[in-house]
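Got a structure for you, questions after.
Order of writing sets the chain letters: A, B, C, D, E and F. Residues in each chain are counted from 1.
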Amino acid sequence: MALHSDPQIATRALIPDVEDFPADIQEKIAEVTEKSGFTPNVFRAIAARPEEWRAFMMMHDSLMDRQTPGLSKADREMIVVATSAQNDCLYCVIAHGAIARIRSKNPRIADQLAIDWRKAELDERMQVVIDVAVKLAVRPAEVTDADQQRLRDAGLSDEDVADVGAIVSFFAMSNRLAHWGGLQPNHEFYAMGREPRAKA
Amino acid sequence: MALHSDPQIATRALIPDVEDFPADIQEKIAEVTEKSGFTPNVFRAIAARPEEWRAFMMMHDSLMDRQTPGLSKADREMIVVATSAQNDCLYCVIAHGAIARIRSKNPRIADQLAIDWRKAELDERMQVVIDVAVKLAVRPAEVTDADQQRLRDAGLSDEDVADVGAIVSFFAMSNRLAHWGGLQPNHEFYAMGREPRAKA
Amino acid sequence: MALHSDPQIATRALIPDVEDFPADIQEKIAEVTEKSGFTPNVFRAIAARPEEWRAFMMMHDSLMDRQTPGLSKADREMIVVATSAQNDCLYCVIAHGAIARIRSKNPRIADQLAIDWRKAELDERMQVVIDVAVKLAVRPAEVTDADQQRLRDAGLSDEDVADVGAIVSFFAMSNRLAHWGGLQPNHEFYAMGREPRAKA
Amino acid sequence: MALHSDPQIATRALIPDVEDFPADIQEKIAEVTEKSGFTPNVFRAIAARPEEWRAFMMMHDSLMDRQTPGLSKADREMIVVATSAQNDCLYCVIAHGAIARIRSKNPRIADQLAIDWRKAELDERMQVVIDVAVKLAVRPAEVTDADQQRLRDAGLSDEDVADVGAIVSFFAMSNRLAHWGGLQPNHEFYAMGREPRAKA
Amino acid sequence: MALHSDPQIATRALIPDVEDFPADIQEKIAEVTEKSGFTPNVFRAIAARPEEWRAFMMMHDSLMDRQTPGLSKADREMIVVATSAQNDCLYCVIAHGAIARIRSKNPRIADQLAIDWRKAELDERMQVVIDVAVKLAVRPAEVTDADQQRLRDAGLSDEDVADVGAIVSFFAMSNRLAHWGGLQPNHEFYAMGREPRAKA
Amino acid sequence: MALHSDPQIATRALIPDVEDFPADIQEKIAEVTEKSGFTPNVFRAIAARPEEWRAFMMMHDSLMDRQTPGLSKADREMIVVATSAQNDCLYCVIAHGAIARIRSKNPRIADQLAIDWRKAELDERMQVVIDVAVKLAVRPAEVTDADQQRLRDAGLSDEDVADVGAIVSFFAMSNRLAHWGGLQPNHEFYAMGREPRAKA
């Protein structure tokens, strides 16, 4: 399998040619490209290792493509933006910031979460969620039962609480993979969802 | 699916009854229990979510069950111990510390890596590996091309370099999952590999 | 002078009615409003203290409305964005991020500087400038002669070097004033300069 | 305008000859020299930039030469000493420490505030003021409405609360300007106000 | 007095020959060697300075060989392990970890205290003791009367409270002496007390 | 033995009546009182525990009352001031600052070392000494052979190098004892050595 480098995608990763990707990965990439209009760089940057690619996407989709009364898809993206910003992760903040803007229909929310989540346009429930999520990201050993109880008191189910922990944890991994590989956000992400849109 | 809590396994996780685990997970657990003589708690603590369980184990095995000239299985466990200690992760340090002692045949190495890796009994190559791994764990945004070059100069292949990054990243996730769930190490791990053994 | 609060402008500041502003301040505000199409919130948020308002704007304009071969107006805005991000200052990052995008004609640069300046699209000169500027913002006592020499070696004049120090220092003040007052960015800033434009 | 360096004044600043200063600056310097018996170095160290000099002094005097029931001139100097010590600013701690000793008639207060304000000879009101001021200096994003309410509960007016924020912010700037320029305190400051004096 | 280096004992210390030790030190070393079955390295590593050796041991024994209702010998060793781990002190964690295991009859306690004392098998009293001890070790200026009251509320006498402070302080010194000298734990310590034993 | 509290001496310590002190301690206190003109508070604050009092003073005098070509008594006091300032220790900075001023005949040196040792009036040798000493005080695990070599290259003997480590370590203990006890400096210390004196 020939590997090449492409600093537009990732400054420190070796990437296979698309035609060398396994069929299932090619298929999934075609699908996301169709839907987004472009291929998010992460899909290609980690494709040299198909096994890990599959595990990564399986875990990602399981956590992020879920909508519950206590934790919407938009909420999940906001957790990603706020905690990835604590790790200075350019790719994750820009890519998931775009999705957070679109899903929340708020064109300002991603920038606010990335710069100072304390002053972001969040309702009370999400203020608690982000507060606890950031704590797990930055000072994980200090998490207590009381932190999780705050989430339940804010209306999250046991399953939602588990999701908060798993999302923060998954992106603690993603942020470091992105830094290690020098992953670059696609230019498209920066501009997506910047237009104000009426709430559904 | 009935869930219960078991503070011997994890103080903040809900766990299914073993007979409720999907067949493939039951099988894998039986296998590891046969091999280890007991079931490491992580296998049960995250079993309420089979999809994530499978992705987690797939990624773990892909990274940790690999032996290369530049990065042995013992070396990989040492990376886990040193970086998990930076996150104060009791489960990961104790469980992987046991494996690190056994695989390296050095009964002191895990304690040294957990307390002060700078003074551990490491050869020059592994001193560089741990130094860079700890940097990625703790200050990921500051990783540079030069850090990865240090690994190559120490004898690691491009693939090994990618492994270092992926192992550190995977355990950045695992450490936080363990803290979130209040995961407890099995008592067996504390004592394993404490006897000095002749190097093969 | 009647003061009122307006959480759209600043959640923790008392603000006079525009007609109560001194004539010179009214005039300057009219001018900037004409030019921008809206009144940046900072102009009203600190207007209860005309003396400080004047000093603040005098110092700001002296530092930011200067174009030299070694430090363009765009470069100066980039320093503001990168160092204000270290202080999590929502207003300064968003407002000056907009100006940085417009002046640099790069719609991505502000987000990059705010999230991880190490991976921003900067030439070598500006990498040095931002590196030293961030050091002064975050660890001021550790600044050395060598840091300033790096700036000169990168092509900055003595006057430019003094400007770097003064800009970083001025925004160390501005960031804290903004946090203290709970200053909110005007919604307009978030969207400005997001369209790619040809370099002049 | 000829510039020279004078390490007794500032190790990293270029300073004009006194006769090259603009008339208004010369006049103000003559005035302060008359009053103090010597020229505080800051007046000369930043004189190469008259516009900023004027803005700096205008803002300084507006904040520091004010006496209110809730925040005396001595109290204001104490805020400067405690927060400048957090930034390791030799000039600000020494120069304003001298003034704090004189205005408070307590020869020990400056050293106490600089070394450990928690153990300084402060009444309850000033303990709250210094606690909140240090928070704004060091962790500005974490300031909350409750912090400002603590000041009001301690007897400060709305205007005083704004002053606390502005003083801390102004010296966040001054401290960095001093570090950048390598500003040295005049020897006279070290010894001033060391004699115990009867309270008025 | 001839001095030599012995990296098995301390990589950065000069050590006299045993026969050059003063008689009282030789005697004390013989005694501890008799009791332990080996000579703990600290006894030889600091023996080049008999005066300090004597003061060090006098203070150590006074603090550690005391058993009170509120603070047993085992409890004292646990304080040493938890606070020395905060300073990454390999010698102190390993050597006193061995004693802590033996005295508490809990083969897991030292590892737990070293890695994450928050999740260690501690009763409520010892959770408070370790919490306050770690605070004194890491953020000593922030200790308050309330911290000491928590100890009293947990059942410690005034004398016990003084002991907690003195033990933490003494090991703040020991940890740094150990780092400075590159002190190595004897191999024996790693394995001691690993067997579960019935509580008396 | 009756114990009392005296907030002028220490806000959180219980102190015996002077006539209850053991004879040797009374004698030593009389001696230092005779010499200084007052009794430094530390001598009384820790006198409730004679054994530790004796060990403390024995170690202190052994380290501080030594004059070598590479490390004068004044130099030793400067190490104390700079490292104690890192721990915000009011008593140690004020008391040893007074002695540092007197022994160095420089009335400014203690304030400089306490506020920003990087800008203190130090020769090159002492710049290295303080730099390394502060590292041991604050980040002890990171000390390397190279740090100690820097001291030797600056003219310190092996014995001096050991002294630097022991002084820093001893005051890591003293600083914490002082914080724990709420130890207050005698008022006399603040004013001592403030007059410029001719160098011998």
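Here, contacts are C-beta pairs under 8 Å (C-beta built on N, C-alpha and C of every residue); 3 or more make two chains touch, one makes a residue touch a chain.
Treat the numbers as computed from the prediction; the structure is a model and nothing was measured.
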What is the touch distance from subunit B to subunit F, in steps?
1
Let me check something: if the centre of a chain is the mean of its CA atoms, which chain is farthest from subunit E?
C
Relative to subunit D, which chain's C-alpha centre is the most remote?
B
Would you kindly tell me how far, in whole Å, the mean C-alpha position of subunit C lies from that of subunit A?
29
Computed distance of Cα centres, subunit F from subunit E, in Å
24
Centre distance in Å when subunit C and subunit F are each reduced to the mean of their C-alpha atoms:
45
Residues within subunit A bordering two or more other chains:
88-89, 116, 118, 141, 182
On the basis of the stated criterion, which chains touch which? Give every pair.
A-B, A-C, A-D, A-E, B-C, B-E, B-F, C-D, C-F, D-E, D-F, E-F
Quick one: which bits of subunit F touch subunit E in the complex? Just the residue numbers, please.
11-14, 48-49, 51-52, 54-56, 58-59, 62-63, 87-89, 136-137, 140-141, 143, 145, 148, 158, 162, 165-166, 168-170, 172-177, 179-182
What residues on subunit D touch subunit A, complex-wise?
141-142
Subunit B residues touching subunit F - in the complex, by the definition given at the top
116, 118
For subunit F, which residues are in contact with subunit D within the complex?
85, 88-90, 93-94, 107-108, 111-112, 114-116, 118-119, 182, 184, 187, 190-191, 194-195
